[in-house]
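Take a look at the structures listed below.
Shared chain: chain A. Partners: chain B in the first complex, chain C in the second.
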Partner chain A sequence: MKKICKILLIMMLLTGCSNYRELNELGLIVAMGIDPAKNMENGYRITFQVINPSQLSPTGSTSGLPITNYTVESNTLVDAYRIASNIIPRENDVSHLSLVVISESVARKGLKLLLDPFVRGKQTRTTFPVFIARGDSAENILGVVEPLESNPTKSIKSTSENNQTMYGLAKITPIHEAISSISSEGKELLLTGIQLNKELTSSNQTDNLNNIKPALIEVSGLAIFKKDKLVGWYDGELARTAHLILSEVESSSFLVPCGEGDHITFTAKRSNSKINTVLKPTPTLRVDVGLTNEISETSCYLDFSNAQVLDRVEKDLEKKIKEEIENTIKISQDQGTDVFGFGNKLNKENPNYWKKHKKEWDSIYSDAKIEVHVNATLIDSGLSSKPYQIR
Partner chain B sequence: MPNVKIDGFQLFSIIVLFLFGTTIFLNIGSGAREDAWIVTLISPVAGMILFTIYYRLYKYYPDLPLTEYIKKIMGKYVGSIISYFYIIYFIYIASRVLRDMEELLSSSPYTRTSLITLGISMLFVLIYAINLGFEVISRVILISFFIIGMALFIMNILFVINGYIIHLENIKPILAEGWKPIFKELPLSTMVPYGELITLSMILPFINKHTKILKVGIMAIGVAGLYLTLNILILISILGTETLSSATSPALTAVGYINIAGFIQRLDTFIIILVVILGFVKVSLFFFCAVIGMNNLFKIKQNTLSTFSIGAVIFLSSILIAPSYQTHIDEGLKTVPYVLHLPFQIVIPILLFILVTIKEKVTRNTSLN
Partner chain C sequence: MNTEKSNIFRSIQDSVDDNIKRLENELGNSADLSIRKLKFTGDKNVAIIHFDGIVDEESINNNVVNRIIKLLNECNTSVTTEHLADKIFQIISITSVKYVSEWFQLIDSLLSGDTIILIDGNQKAITIATRKFQSRSINEPTSQTVIKGPKDSFTENMGTNISLIRSRIQNSKLRLKQTKVGDITKTDVGIMYIEGIADKDMVKEVISRVKRIKIDNVLDSNYIEGAIKDHRNTIFPLLQNSERPDVVAGNLLEGKIAIFIQGTPFVLTLPVYFVQFFHSPEDYYENNVFSSFLRLVRIGTFLVNMYASAIYLALITHHHGLIPTTLMVTLMAQRERVPFPAIIELLLMELAFEVLREAGVRMPRAIGPAVSIVGALILGQAAVEAGFVSAAIVIIVATSAISSFTLPYTSVVNVARGLRFILIFCSAFIGFYGILLFTLCILLHLCSLRSFGVPYFAPFSPLRIGAQKDSLIRFPIHSLFMRQSKVEQSNEMQTNTSRGQK
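Let's turn to the complex of A and B:
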């Protein structure tokens, strides 16, 4: 009797592998694209990008793509995920989901509670980024394999990561940050947009891979949201400036005109900005920006060993950035959406005022004055003080 | 009474881990929104007052556990009934904590495992530990104290290294709604966890007689209170008040945000270690109190059968107590504190204290005369 008891107890210890699953039995979903449904009235068309591990292994790669896209339609995301098992041959699993792309048309209609399953789900993480497919469907964007990266998910992530550190137009926004922007008072959402730089010429991916000028994924602009609806875009420099206001630019380049069609190029090494809402005498949106720059290129002849010249170009740069920032804020004021979180800041500084005026904050914001202080410091002019002479 | 001896530092680690218990994972005090940390900063003070009352009661009867001296103070019949209710209370709270633990485990790593399996495997360990006696439990707790300390330390370091997820400005505005919401939250966050130290009045007779119990206790409550404050500050600054109040287990959500260089991530393991160890400490204390309470009340010797039967009751009620996690939490926040915690943690001990003080005065006067 005792022996049987002991054996039974020991058997309990051996249950560790009861629900083990090997990698080759799993369909790991790495990316999800969300589009409006085509065959249904409401609902979504969801693209699941499933990875094929055997194609990614360094030794056993055979011909074929390392990823496959599966598209299903349903009213909700989780339902689509379950229905996808109609076509996905392996147990689909979202625990390695690392990217969500939402198409512009879905975002224009309003995100509503679209992101809810990602925080509710027990398997998903909330650290992966969200992007907007600009003027295109997420399905198309997830369907392009670039030569340099093994799969679209990786190329979207690495392109935007690269841009974030080199230029500052794109930003990787984790899903939890997006949700907290949507749900917090006095701060609206900004999401990076991605698109294809040209149409795919043929649906055969190897054609694209063999093309010397392949279709590529590019980051393009910053989507401006009002509540949960996409209302506009910041393009190019404006998107970069928006990140400058939010103190999220690591490094970037700024052009200052210095003559007929000529420019000095500054490379910003560090940036640090503060936003503030001043109430008296009139509501004013105040931005203080600190920038550390070096001169990296000039196309007009200026002697940078002269301190006065440096002073002058520094002033020019400050003026340029100030104008850019004012324009950027003005666009958001025209849309009546406080994407920079001035209201949120005000709530923290002056909760009593905020409580009284939060209902009409959008109109206060739109009418508020803008005050920008830029402090650009030049630390360096590179390895040469004067450009070479053309004789 | 028993000849088991526990020293000061062991007592300290028992109290600290017991207070950490499940509070570390739940969003207690989040009703005060940004000011939740003020609540957790003040509630230890109330906890210290309660602890002092429990300690004074113990001082009158240094060799008896709570369920025994109730009989001395209230008389044999009334006292026995109240002790009986205390035993049921301990069993009930033990099963609540066990349920918390099962739910937290099944919400993250064991998504396909049933609560029953989790509960049974936890309970076998608990029954084994209780059978070996309190000395063993307290030694295990001492070891766990260092493990927990390390785990929490590493976890907080990772939060800080992962700098951009901590937004200190989330703590502002301070006292936007005034003191009212804080006082509204205060009773609840005093009763859980500080009021639950009523279990100590069953355990204090096991402590070495020359230990400065009051000093150690107050210190432990202070340390636990400070850490819980730090913990809630970190959670608010990572999650923000919106997510904090809507997440079922904020610590799990917050740990999910850690992502250092795309390499150090998915650190749920830390939370699992904490849940298992802290849950074990808390359930084992309530369980042990129920066992010694019952053995004393029904005058039976310590035996395996009573441990097993109480264990079975704890396990069964942990499953039957609520149909879902949400109802379980809802009960825990809205009903249990006022129906159970308030009388058993505050009203009865204070009543006992008043009675025993009067009794003591009367006897002293009569003996003087």
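Let's turn to the complex of A and C:
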């Protein structure tokens, strides 16, 4: 009994050591924006997006905004996090940080070791995604509330997640993947870009909620990095094709012209691709893409019950995708940055060659021949074979 | 002089009047003592004595009093007292009739419901087994109910209880040893086992432990349980108690020993394994796949009952990162206006439930609805709406509360109720680390326990693969019919032959 009393007493004394924190004393940081500092020479301007739980209560009034942005300037991120206590009234907590937005200007200058605190810190997760604010500041992008998803963090995440499954332009790149791309040999970083589709019309953010055509956060392009610096963008279909090469596209739609301004629309149900670097004897970049499609729309009269027609449109599709892939790779060759990891592949398959030539890999890559094989399979033409006739 | 006096005290005297006087003296002129004196010759008397209420009066009138009167009328006056005693002994038409010559035997049998016949000039008394205690009839079990299966339950009368077992196991090897426990109450205690299946040493050990009990009164099985269990300082039940004859019969057939106690419908069986408290008799009356699933559900709800509040508390006060963000935001929103720290909030709700539960057991039937309205409305809804507690806490406490009603044995539910509070404190201090530490303590304690020398946490520690057929899940009947769960053999008994109290 005495022992138990002693243990209980010791437990009482130990409470100071525990990290007991009540939920209503926490300021939950869900997103961070990183911009270049305005009032300092180097340094960053960090935006912390903090949840305002009382606005999300199921019963309480929801008069205000569900989030608040706090902006702090400092030379380092952790310092900014500590300084933020000047203005955040609650103990800030990064364990639920689910998004980091880096502005294009910071990325163009070079990320350097900017991402270090996220993997060094014990509290943050390493699975949250990183985005580039295209042509804008992260602060602005995090400052938009949309009617459908009033939390910008969630909005950015779910828009890009949705796009990833529906179209394949965006991709959620977790921070650990970004870091491993930056630090690995023969593979450069690609990050999804986000921007506002139009300027905010009013300085009052809640006005955006009442607008029938509000300013929205949109997924826009894929930032191409060389080492840690942003050097260019893949736009629209090019971004999608880049993900197709990386085998990241779950489903998408492809248009094949079939006449004067007419198109057949293919919906890709599955895709997989393999990249390879073949030495013959100089490296050749080889991409094998397999696609499973169905025809889901056509604007020209074609009889899809005819096998020859099917063969022909299949060939057309293959040709089109092949061209796109070649274009996409060419752009990265022009920039001299191997974003698809051909070098990485070469390192695995032919380490000796890699060891000898890794110093000049960027120039070898730029000059390498491209060999693309596309195997598009048409599984069905939907519920009808022939389009209806207009008479 | 002294010895002579004590001799007189010990034995029955010649004179009926003296004996009656002494009886009345010792029993304090008890109003329910009934004495019928019959003259047979001159000033010589025969006295028929019994207590009202605990005897079968009709049987006494027909089989004892009537016959003795008839005999006395027929008898000639010259018959000697010994002869008369023998005659009476012969004509009483009740199966169990005995001579006693010691005074204390006379008192004991009188108190246990026998009828006594004293005859002048005879130092022996005749005792006739006419005991008939008042008891209720056999009803459905109230605390261990099943949907499918036998519906009878034990009563407060030990004779009835034994008959319920005898009717299920009609075997010559079924043994009953009877003794009395309690210096004041002198309660009958029966120890039942099946010879050849039950371990002999264990039977001996049980009998000797029961005989060694020094206690004044025995009003329920728990008096015996507390006195004979291996470890006094544990909150885990080391004997199983059941009000169901089918459970006790099943245990006897597995080689266990049952202890019947007069005056309580709960029969103890021993030894017991911890996992048995999760077994319902219904497990054997239903398809084994289904009952295996239900067993796992019961174990799961036991853990929920014990851990749900502590884990919730640990999550919201220490390990915020482990909660999915959306849920975290919901929880934060709920807690926004709550004035108390989470631990106080949780303890308030837990205590409120314990109060409700206690009120539910104790209150008169007629005001039951009032309590449930107060419980449901005031605690559930009003407290949340008033912002005293968060809705999540109410959900957690209600879940853990409802989980406690799945187990067939309340003794093990009470363990979880007790440990839950300690776990809540541990988790409030150091989060999951505390929960884990205390869980380790519980497991260590469980592994150290013995029930009559048998490891309590078997068949998990020590691990017995064969016995897994009927522990967490139940195998089909045909693979169980062997006596696989036969009680441990004597080598493990030896470590604990004496009482092994810790």
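Throughout what follows, the second predicted complex is superposed on the first by the 369 of 391 C-alpha atoms of A that agree within 3 Å, B and C clash if a C-alpha of one lies under 4 Å from a C-alpha of the other, contacts with A are read in each partner's own complex, and residues count from 1 in each chain.
Here, a residue touches a chain if its C-beta (ideal position, glycine included) is under 8 Å from a C-beta of that chain, and two chains touch if they have at least 3 such contacts.
Computed from a prediction, not measured in an experiment: that's the story for all the values here.
A.B. asks: Scan A:E199 for contacts with chain B and chain C and give back first, second, both or neither.
C.D. replies: Touch partners of A:E199: none, neither chain B nor chain C.
A.B. asks: First (chain B), second (chain C), both or neither: which does A:H96 touch?
C.D. replies: second
A.B. asks: Under the stated touch criterion, which partner chain does A:N347 make contact with: chain B (first), chain C (second), both, or neither?
C.D. replies: A:N347 contacts chain B only, not chain C.
A.B. asks: Does chain B (first) or chain C (second) touch A:E41, or do both, or does neither?
C.D. replies: In the superposition, A:E41 touches no partner, neither chain B nor chain C.
A.B. asks: Examine A:S184 and indicate which partner it touches, taking first as chain B and second as chain C; both and neither are also allowed.
C.D. replies: A:S184 contacts chain B only, not chain C.
A.B. asks: By residue count, which of the two partners contacts chain A more extensively, chain B or chain C?
C.D. replies: On the superposition, C touches more of the residues of chain A.
A.B. asks: Once the shared chain is lined up, is A:S54 touching chain B (first), chain C (second), both, or neither of them?
C.D. replies: It touches chain C, and chain B stays clear.
A.B. asks: Between chain B and chain C, whom does A:R21 touch in the aligned arrangement: first, second, both, or neither?
C.D. replies: second
A.B. asks: Of the partners chain B and chain C, which touch A:H176 in the superposed model: first, second, both, neither?
C.D. replies: Once the two structures are laid over each other on A, A:H176 reaches chain B alone.
A.B. asks: Please indicate which partner A:E360 is in contact with in the superposed arrangement: first for chain B, second for chain C, both, or neither.
C.D. replies: neither
A.B. asks: Using the superposition on chain A as set up above, list the residues of chain A that contact both chain B and chain C.
C.D. replies: The answer is residues 19, 123, 125 of chain A.
A.B. asks: Help me check something: in the complex, which residues belonging to chain C touch chain A?
C.D. replies: Those residues of chain C that touch chain A are 316-318, 320-321, 325, 328-338, 341-342, 385, 425-426, 428-431.
A.B. asks: Inside the complex, what are the residues of chain A that reach chain C?
C.D. replies: Counting only chain A, the residues touching chain C are 11, 14-15, 17-24, 26, 28, 30, 51, 53-60, 93, 95-96, 98, 123, 125.
A.B. asks: Note which residues of chain B are touching chain A in the complex, please.
C.D. replies: For this pair, the touching residues of chain B are 107-108, 111-112, 121, 124, 169, 172-173, 176, 240, 242-243, 253, 256-257, 259, 265-266.
A.B. asks: Using the touch rule from the top, collect the residues of chain A that touch chain B in their complex.
C.D. replies: 9, 12, 19, 119, 122-123, 125-127, 174, 176, 179-180, 183-184, 345, 347-352, 355
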